[in-house]
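What follows is a group of structures, each given as structure tokens.
Next come two complexes, and both contain chain A; in the first it sits with chain B, in the second with chain C.
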Partner chain A sequence: MRRPSLIIGGLMLVTAFFWSTPFLWTLVASFRPQSAGGIGMASLVPDYVPTLGHFKEAFETGDFGVYYVNTAIVAFGILAVQIVTISLAGYAFARLSFPGRDFIFYVFLLQLMLVPPILIVPNLRTIVDLGLYGSLLGVMAPYFASAFGTFLMRQTFRQIPRDFEEAAVIDGAHWWQTLWHVLLPMAKPGLIAFSLVSLMAHWNEFLWPLMVLNEPSTQTLTIGLASFALGTEGGREWGLLAAGTLLVMFPLLALFAVFQRQFVNSFMFAGLKG
Partner chain B sequence: MRWLSSLSAIAVALVAGAAQAQTKIDFFFPVPVDGKLAKEMTRLVKVYNDSQKDIAVTAVYTGSYDETKLKAQAAANAGKPPGLVLMSANFVLDLKLAGDIVSLEPLLKAENTTRLKFLDDFWPALWANATVDGELYAIPFQNSTPLLYYNKEHFKAAGLDPEKPPQTWAELVDAAKKLSTAEHTGFGLPEGYDYMGWIMEALCLSNGGRYYNEEYGGEVYYDTPTMLGAVQFVEDLVFKHRVMQQGVVEGPALSTNFLAGKVSMMLLSTGSLSFIRDNMKQAYGVAFVPRNLRNAVPIGGGSLVMFKGLADDQKAAAWKFAKWLSSTETLGGWSRFTGYFAPRKSSYDTAEMKDFMAKNPEAKVAIEQLPYAKPWFATYQTVAVRKALEDEVQAVLNGKKKAAQAVKDAQKNADTLMKPYADQTALKVP
Partner chain C sequence: MTSVAAAQTPPIDIAGRPRRTLRVRLARRTWPYLLLAPSLVLLAAFTYLPIARVAWESLHDRPHGTAKSLFVGLGNYAALFHDKAFIQSVINNLIYAVGTVPPSMALALLFALALQSSSRINAMLRAILLFPSMVPLVAAASLFFFIFLPGVGLADYYLAKIGVRGFNWLGDPDIALWSLIAITVWKNAGYYMLFYLAGLQTLPGEVLEAATIDGANGWQRLRHVIVPLLAPTTAFVLVIALINVLTQVDHVIVLTKGGPSNSTKLVLYYIFEQAHENFAAGKAAAASLLSVAFLLAMSIVSLKTMERGAHAAS
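For the complex of A and B:
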């Protein structure tokens, strides 16, 4: 029994190493003194005296403080509203019976099959009509309802035995009390799994915020990063790019490190793959 | 959820600029060279805003040229057209055919001037990409041509004269063979999308060809002796002379290789001059793109355009701002900062520019090459038609196709893409 587990362990180590190579390189390159060229730029070995120069330059090039605040407002704002809408919608599809329930649910799911870029122009028109063009709320609005989240919550609620609710109903609880005190606490793993997916998606989103936002004071992290990354006609400052990338992904990485156990547990419960 | 509403309040407050009597316009600009330019552009726009009171310009960084196009089109369709957009010079025709941008002729007329008078100070090579069907649609702002960059120390080590870079394809192959060692390859081209098409135009032009019909948007000349020769040259550099890396090398990787001394010569944009100057440790030189039959290069870079749907006061404001941005002084300063060449001839008569040229003689090569510059290819569906060729040349670079087959397939795919336009225009006969 020992030998196979050793082999499997070794294989997993190798896989983990390959998988983490981009992250390791980003980390090593962001502290490397030279930025643009040099043979050593591609190396994974930190054979240098580390410098914070690239981070300093990144902060000088972009207004990262503002970008962080804006990105946090967008990502957490979307999530806050989504949790309300998907819980209520998931509850409705899981527990209430009304005519056409399944049909409406499938229509809802159809939304998952649309490729987001084709919705850019119609969504932008709606945002302009609502007077939200150029505002962070305009970036958030189209995501307030989530087909994926609704589906996930419906499945999660359906897995919870009805006995719990019936006990609450006998005690005289209203449906919203049942939802708040009984169902939601039990659906926490599902909510956490969804939160992770939603936060990652909106933290890293580029195209839609680029479409909606204009003022420098409303830009998000990804747009700030793009000014380092999209120069094709010039050369590329790898060190600066690595530092900028690290700045963008660091908060999410820290969040994941802190809540790692809960995330992993929630995925095992929800039967999802990241 | 009280905090949510306060969050939204913050969000709304963040964008609710004070209502002013000024005309407010957005200026969309991409940053095709590097991140510092975004800051410099924002500074320039602030200088303009502070210099007068009637117009307030918001400088909006919009990613790459492709994303800028997407954003400007989406915004115009949603009823919020930007006042002015810095757009890839070869998107102008495509945008005009799609009805997205407006002619600048009425604005010229209102000032009792003509297109010819307006363009007189701009380098003649830039005129074609600024006009469509005899009307002015764009103002050249930042421009480039390809250049040959070479490592002088490698030249010396290989026994070549570092002051005599290769001038012809034959000399290029000779030099590249001598320069290829275990440590570095002799020659490299930027082969990612966009760059590849531009470089193939440079090679096709140097081979006496035309790439596309400058007068009509529905025709490209891929399956021709001149383009076949250019693609064959690329194939031979890799597989016959073995002086170029096999596979597709993107522009940023190529310039990194050049800085690291991994490649001895390369073709790259004049727009990279500042970057190479700032980062190259070894001695380097720049020279004309080597010719097979003639010296000729395409221009590249970006122009200022106006989208449809602007109110009259916004249009007037955008025009004023565009004239300021494309003034002799502003263009000269932008050129010195970026490495692009200034589209106005008069920019080079200013004292600052003369001083700069004296200190940076390699910037002069780009200007000396300008008399040989030709327009940048622009057709109906420019990007897709360009990719039709790029995909084939990349297949050649990967050793999956031969040049002769590649140009045939590229022509066939390009013709299919342009057929709807050709059917509506040249093929629509009574």
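For the complex of A and C:
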């Protein structure tokens, strides 16, 4: 028994190292001083005195500060509206009975399958018609409702015993007071799971913002990084590209380090992203 | 997934209170719909109406410089299927699916099997394998931009040390699609591993023990016990993987722009290009509607498979 498990362990170590080489390279290259002709930039060995020069340059030439702000506005703006819409809809599906409930629920579920990227062409037309072309609001609008989030909140609310709400109702609380003061605090695990998935999906998104945004001042991190990558094509600025990539990934990796367990759980929940 | 739409729990009894005014009663009736209204309006605006719009646009054409749309029947579809670039993109997407889905799922299962016992080192290795799925596809692409750089990139730098050289990873039409496939497998295998890890936890231990007692070796247990029991997980991962195949083209945009000579053009990139660069709205709409139809058909089939798988496993 001992021997095979040692071999498997060794193989997994090698695989994990191999898997992580792109990240190791980014880390090593982003702190490597600029060298003539980019020779040796591919080395994974940090045989140099680290420098922050590439990061400084990324902020100066790439406007990474603006990209960060824009990306944060998009990701957190979407999340804020989503929390309102999915809580209301999740509450309605979990706690109320009304004609057509099951049918409407199926209408919601259908959206789980019709992932937004497929509809970029007509959605762009809608955004133009609404006068939102080029604005961050235009990037956010298609995501304000989330079938996945509604589904998740419905499940979460249904796991909460009714006694709590009934006590609140007897005390004369309105439905929104019970929702706000009783149900939502108890639904926190579900909300956190959804928030992580939503933030990550929209922090990482590229194609849709690329289509909607048309000015440098409104660009997001992923668009900035892409134009950065295309701009370094000819040159020796690999350290700069590595630093830029690290800047885009860093918040996610930090979030992952803090919320590792919730992340894994919400990933499992999600499957189909919010 | 079967219990999704069922409404088991009874609603709060709000009917028992006497002497309500008409206004209050009307409010009670309508407020579930008011709660749903924000979501429904948004879903309609950005999911359901767009499908109708795409369907309408796919049957119409608006020649340059005119404001009026002409009904052209299936003309756009005919044009689509006569467009070599579209046919090529469908073929590419099929190769891409075959190249990415089975390998990343097989790797995911192997990773999960190797790392399923909980120990500190396994947790760390799992996190490392999961990392690629957390970063934006654009970031992954910009890393691989350098890795695949001919001559001085990471791949060639280390391959040269063992005497292998001369690949033009992204510039050779025969290789470029496979380079993108490699990125995709690298990025997704760890994510799918999560589902297999969860699936493995639900396996009944006694079945595995029984198989071991009966003298089944590791391979036989995997082949005849573990894989069949994991069928529901596999079906679920397969859906996600196939959706990814159709909906993720960020790396194509950053790395190859569909080239060289259309060899990496995937369907969604083709749609993006028609709409964004060629302004061929009709063809883009026709291709979009076909994609929507494909996604729906696939979802229905896989949901059915999943239900059957769940029954077989229980």
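Brief remarks on what is shown
Going forward, the second predicted complex is superposed on the first by the 203 of 274 C-alpha atoms of A that agree within 3 Å, B and C clash if a C-alpha of one lies under 4 Å from a C-alpha of the other, contacts with A are read in each partner's own complex, and residues count from 1 in each chain.
Note that in this section contacts are C-beta pairs under 8 Å (C-beta built on N, C-alpha and C of every residue); 3 or more make two chains touch, one makes a residue touch a chain.
Because the structure is predicted, anything quoted here is derived from the model rather than measured.
Contact with neither chain B nor chain C is seen for A:Phe164 once the two complexes are overlaid on the shared chain.
Of the two partner chains placed around the shared chain by superposition, chain C is the only one that A:Phe144 touches, whereas chain B remains out of contact. In the superposition on chain A, contact of A:Leu207 is made with both chain B and chain C. When both complexes are overlaid on chain A, the residue A:Phe259 reaches neither chain B nor chain C.
By the document's definition of touching, of the two partners only chain C reaches A:Asp102; chain B does not. Looking at the shared chain after the overlay, A:Leu136 reaches chain B, while chain C stays out of its contact range.
Touch criterion met: A:Thr218 reaches chain B, while chain C stays clear of it. Taking chain B and chain C in turn and counting the residues of chain A each one touches, the greater count comes from C. By the touch criterion stated above, A:Thr61 is placed in contact with chain B alone, chain C being left untouched. In the superposed model, A:Arg125 makes contact with both chain B and chain C.
Looking at chain A, you'll find residues 38-39, 41, 84, 120-121, 124-125, 206-207, 210-211, 226, 228, 230, 238 touch chain B in one structure and chain C in the other.
Within the complex formed with chain C, the residues of chain A that make contact are 4, 8-9, 11-13, 15-16, 19-23, 25-26, 29, 38-39, 41-44, 84-86, 88-89, 91-92, 94-98, 101-102, 104-111, 113-126, 141-142, 144-145, 147, 150-151, 158, 162, 165-166, 169, 175, 200, 203-207, 210-211, 221-222, 225-226, 228-230, 238, 241-242, 244-245, 248-249, 252-253, 256, 260, 263-264, 267-268, 271-272. Looking at the complex, you find that chain B touches chain A at residues 1, 3-4, 7-8, 10-12, 14-15, 17, 26, 30-36, 38-39, 42, 58-64, 67, 70-71, 74-75, 77-80, 144, 192, 194-195, 251-252, 255-256, 258-262, 269, 271-272, 274-276, 278-281, 300, 339. Residues of chain C touching chain A in their complex: 4-5, 7, 9-12, 29, 31-33, 35-36, 38-43, 45-51, 53-54, 57, 111, 114-115, 121, 125, 127-132, 134-147, 152-154, 156-158, 186, 190-191, 194-195, 198, 218, 236, 239-240, 243, 246-250, 253-254, 268, 271-272, 275-276, 281, 284-285, 288, 291-292, 295-296, 299.
The part of chain A that touches chain B in the complex is made up of residues 35-39, 41, 60-62, 70, 73, 76-77, 80-81, 84, 120-121, 124-125, 127-128, 133-137, 140, 206-207, 210-211, 214-219, 223, 226-228, 230-238, 240.
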